[in-house]
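Common to both upcoming complexes is subunit A, partnered first by subunit B, then by subunit C.
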Partner chain A sequence: MTQVGIPRGLFYFYQYPLWKTFFRDLGAEVVTSSSTGRQTIDVGIVHTVDECCLPIKVYFGHIHELIQLRPDYIMAPRLVSIEYRSYICPKFMGIPDMIRASLPDCPPLIDITIDCSRDTRQLWKDIYRVGALFNADRRKVKSAYEHGLQALKSLCVLTRQGYTQHEAIELWENYCLEQAELNSGDLTVGVLGHGYSLYDPAVSLQLIERLRGLGCKAVLLESCPRDAVEQAAAQIPKKMFWTLGRKMLGSALVMDQSADIDGIVYLACFGCGPDSMVGDIVGRKVRHKPFMLVTIDEHSGEGGLVTRLEAFCDMLRRKKVQKLESDLSAYGIHAHCR
Partner chain B sequence: MKVTFPHMGFMHIVVKSLLEGLHREVVVPPPISQHTLALGIKYAPEFTCLPLKIGLGNYIEALESGADTIVMAGGWGPCRFGYYAQVQRDILNDLGYDFQMVILEAPDSKISQLLDQLKRLGEKVSFLEAVQAVRFAWYKMAALEKAEQRYLYTLPRTIDKDRAEQLWEQVLSHIDQAGSRKAIDDILAQAMLSWENLPRHHEPLLRIGLVGEVYTVLEPFSNQNIARSLGRLNAEVTNSVQLTEWLNDNLFKGHLFKSRTTHINACARPYLPCSVGGHGRETVGATVDFAQQGYDGVIQVGPLTCMPEIVAQTILLRVSKEEHIPCMTIYFDEHSGTAGIQTRLEAFADMLRRRKALQADYSDVQQGGNVCAVHARG
Partner chain C sequence: MQYMLGVDIGSVSSNFVLLDQQQVVQAKVYLRTNGNPVQAIRTGYQLLNSKMPDEASISGVGVTGSGRHLADIMLGADVVKNEITAHAVAACHYAPDCQTVIEIGGQDSKIIILRDGIVYDFAMNTVCAAGTGSFLDQQAARLGIAIEKLGEESLASSRPVRIAGRCGVFAESDMIHKQQMGYPMSDILMGLCEALVRNYLNNVGKGKKIAAPVVFQGGVAANRGIRKAFEKALKLPVAVPDDHDVMGAIGAAILAGEAVAASRGTRFKGDNFILQGEFQTRSLDCQGCPNLCEVACIMRDHQVLSYWGDRCRKWETTLKPARERVVV
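And now, the complex of A and B:
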């Protein structure tokens, strides 16, 4: 049986069910790398240039692990855009070429171009091309892809309840999840960040899990009402052309206005281009809630993060007790956990 | 209305000429200095790229000297540049400056849209005057580029490096003041002659291609004047980025002349078949092109954390191996020290000289046999 490897990094956290379903329907076996660990990060660091952001390094660690499993193909799409006139990040656009340059012994890549910035014609052409690798006719390919999209929808149902993308994927795949204390806690905190860093516990240093442990209910972008988010994001003078950035900004604005939210945390990656802009814009526009920007990289330790989260939660509780309402925007509490 | 704009190499000379041709009063920001940078660092988001910070410093200094309108290019992703103006405007507003920001967006298709935007910038300008202003500014720019090329050619070859540099500074200020094509032609001819007459040495030369992010290549302050440092090491530098070409590609969508971009993209194709925003693909393509022209080495420059250049840098590892060309990447940020960079440039130049000498020996032995495999395409 043909094996397709899917690395557990970057768009794994957004699209894994889609591609897993798709390839399985085409009759392939899907293998993944293991969950991110210190080992993944260390290997990734060796195979990337120093200046890369952490998520790319982690991704390369996963690719490296997959290569050892010698699957027939590795799924490494060139992700340009997932919606009209918007982009993800320049680095996503060069992923397959970067892999070929730094890991030359890697099996053939399924490097389809996902570019919906104009229309989806190119995407479909590429999807059929992939189907041909598995001797599938167009009808079969089409239905496999649509089946995959359905799987993504079922993921949305879970994330809307407050599960992270990561937890939702685990639930989708294994039907079970160990801990999931979603709705308890005396504080409600909005948590933002690129999914592949925020929802990967090893990358985010378990930011969400820690917040929950500190008695916070974590409200994530995926559970915010989509229309309200888009409306809020449209308020700024120039629409943001990064899909994830726009959603984070919109959600932050929604959270800023929402009575339930006590504070907002933004997880940024050191060296990340979009974060360097979006984090700042969000910080400027959030006026009613305490806001904390946490910047991480491969050298960040848990200690610094824990201290900061605790201090932040204490502050939120004090504010709550004092019933000192909103107005004080705490823009400027930047915590760099380096 | 007093108009200002960000610095980028000698672009201010061109833009000033253009705006004055549109009957606008212009406030050229003071030359970029440590003070400019300090202002940018103080107010810009900490982790944004260097061009945003320096640009912000330019604006603050210009607004302080009386400007009230900022003209800036826009853009639509995928890189940060398209959002520069928005962030800078918010920061300046928060600082309490009273100003207007005019953002020139590259037209989706028609060049007339761009001319319209330019015309609106002008005050009571006829269409003809607008066109004339554009053409004169362009003439200046082309002359400056020619002069720069000659300067970069002369600097490594002469013993009187100081004089060669002085002449370049002079050309810059004279062309800035020139009011007619005739004057520009004269300045150019004069400078060419003076460079020609400088005493030469007969030491071996290195040829180095400079590739990378546009601003860093074009703005000497941001790259610690790398071309000058290399010239003083008897290395001739060729810029892969030319302002005329860049404007033609990005603002005029290639309508003005046939640029080398098609060729450069073709060179990049085996390694990077599509755009990655910014100048990433061009960096890869230009490196391949330099290798095929027989250059001794390539230096890639960019601001620290520059996304397209990080993609390109990764791919250059492979290009370097397969095209047999040594490459070095230098990122610049506010912490880059002059001394550190000088050391790296010297080490790189030394390595290239040794490599060259080895290859020469090798080809003597092989009598020109299969050295092509190593590196002898030029």
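And now, the complex of A and C:
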């Protein structure tokens, strides 16, 4: 049976069910690397050009692990754009080339170009080309891809309930999950960040799990109403041309207006281009809620993160208590938090 | 007499205070952690104990700082609080109408914006520790000046030179350059103070509305050069409390007082536990999964008191009841 390896990094958190279903329907066996660990990060750092962000380094660690399993192919798409006139971080575009350059003994890559910035013609052409690798006819390829899109929809149903994409993928695959309860906690905190850093517990130093542990209900981008997010994102004078950046900005603005949200945390990666812009814009645009930007990098010392999160939760709690004590909120006078 | 013990185990210094029931500092100890928090906790406690009046007893303990979990295990704390909350509480105690707290410690610097006595907004330095106490320490050592004298020395300056403050490495090479050019030491030191303040205001204080009264605390607040540079940059008076170096510990002690009042009883372990046995720390690389967590553990007389640092909490929970598994 032909084996296709899918590394557990970057687009994995957004598209894994799609490609797993697709390849399975074409009669291939899908293997993945194990969850990100210390080793993945260490190996990734060695094999990546050093100006990359942490998630890309982690991705290379996963590719390296997959190479040891010697699958027939490794799925590493050239992700340019997933929607009309909106783009993914440019580093994704160069992923297949970067892999070939730094890991020469890599099995053949399935490096289809996903570029929907104008239309989906090129994408379909590439999908059929991939199908041909598995001797599938066009009809079979088409139905496999559509089946994959359905799988992606079932993932969306889960993320809308408040599961992170990482947890949703676990649930989708294994029907069970080892974790604490979702909807408990006296605080509601909006948590934003690129999915491949935020939802990978090893990269984000378990940011979401820690917040839940501190008694917060984490509200994520995926559970925000999509139309409202787009409307809010359209408010800024120039269109945000990164798909994920636009969604984060829109969600932040929606959360800023939402009565249920007590505060917003934004996870940025040191060395991430989009984060350096989006994080800053979000920080400026969020006017009604306490906002905190946390930056992560390769360091494994989590003390700094814990201190910031605890202090943030303390602040939110004390504000809440004060708000309850007087109906005339003290914050009516200073409507602006930043 | 009932006292509250407040402990702040920081990266560079370890601070201990005793507060009486009127929340007045009765005794304080400020000592260097020197990379060995376990030793620092014992020595600090011992020193404080020797300053304590005979009839006094400790009725509550609060710990803070980056070594707070260690201190909690060794002392038995009623409150384990992060530094930001502790500093804010202490600043409010010192100046109830305080609006801005500037805190510069050994490895981190923070700004806390207070409104009506509660934390309204805060920020901490991000990945880089440039411009914190440890950098000043290092420069003082390089120049052969005692760290306590650095502030005095810089006050003699009439015309501070401009030093790059964005990065500690650049600042150092800039200082060496200015030194070789023949500028007087005091001008270079004042330039360094201004660079640190500029860096602080641009990074940590970015976008924050700094309003008077401003309270400046943390170990670096002892440096009068930095204080002067802050006043010059902010055009506001900057107050430095007498106990500026132990404010975190004071905050922890006040919070402990609140916690003990609510729970009636303390978890404090007492002199025998802290001073008699031998504490040891150990670390191990867990080989259970690819995460390879660095697990630390603390033991007293070969009895393990606590594990921490494991992501899956496998070690941690060997001493506590396990978490249940949720099936959807």
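To be clear about the criterion, the second predicted complex is superposed on the first by the 321 of 338 C-alpha atoms of A that agree within 3 Å, B and C clash if a C-alpha of one lies under 4 Å from a C-alpha of the other, contacts with A are read in each partner's own complex, and residues count from 1 in each chain.
Going forward, a contact is a pair of C-beta atoms (placed from the backbone, for glycine too) under 8 Å apart; a residue touches a chain by one contact, two chains touch by 3 or more.
Computed from a prediction, not measured in an experiment: that's the story for all the values here.
On the shared subunit subunit A, the superposed partners subunit B and subunit C are arranged side by side without overlap. Of the two partner chains placed by the overlay, only subunit B lies in contact with A:86; subunit C stays clear of it. Of the two partner chains, subunit B is the only one that A:102 touches; subunit C does not reach it.
Legend: residue contacts after superposition of the two complexes on their common chain; A:270 is shown touching both subunit B and subunit C. When the two complexes are overlaid on their common chain A, residue A:193 makes contact with neither subunit B nor subunit C. In the superposed model, A:284 makes contact with both subunit B and subunit C. By the touch criterion defined above, A:48 reaches subunit B but does not reach subunit C. In the superposition on chain A, A:295 makes contact with both subunit B and subunit C.
Of the two partner chains, subunit C is the only one touched by A:308; subunit B is not. Look at A:35: by the touch rule set out above, it reaches subunit C but stays clear of subunit B.
Taking the two complexes aligned on chain A, the least Cα distance separating subunit B from subunit C is 5 Å. Touching of subunit A by both subunit B and subunit C, each in its own complex, is seen for residues 270, 284, 295, 334.
Interface of subunit A with subunit B (complex): residues 48-49, 51-52, 78, 80, 85-91, 93-94, 97-98, 100-102, 104, 113, 236-238, 240-242, 268, 270-277, 279-281, 284, 295, 334. Looking at the complex, you find that subunit C touches subunit A at residues 66, 81-85, 108, 115-116, 118-122, 124, 126-127, 207-208, 289-294, 311, 323, 325-328. Residues 34-35, 37-40, 171, 175-181, 201-202, 206, 270, 283-284, 290, 295, 297, 299-300, 303-304, 306-308, 310-312, 314-315, 318-319, 322, 330-331, 334, 337-338 of subunit A touch subunit C in their complex.
If you check the complex, the residues on subunit B that touch subunit A are 45-49, 74, 76-80, 82-83, 86-87, 90, 94, 271-278, 280, 304-308, 310-319, 329, 331.
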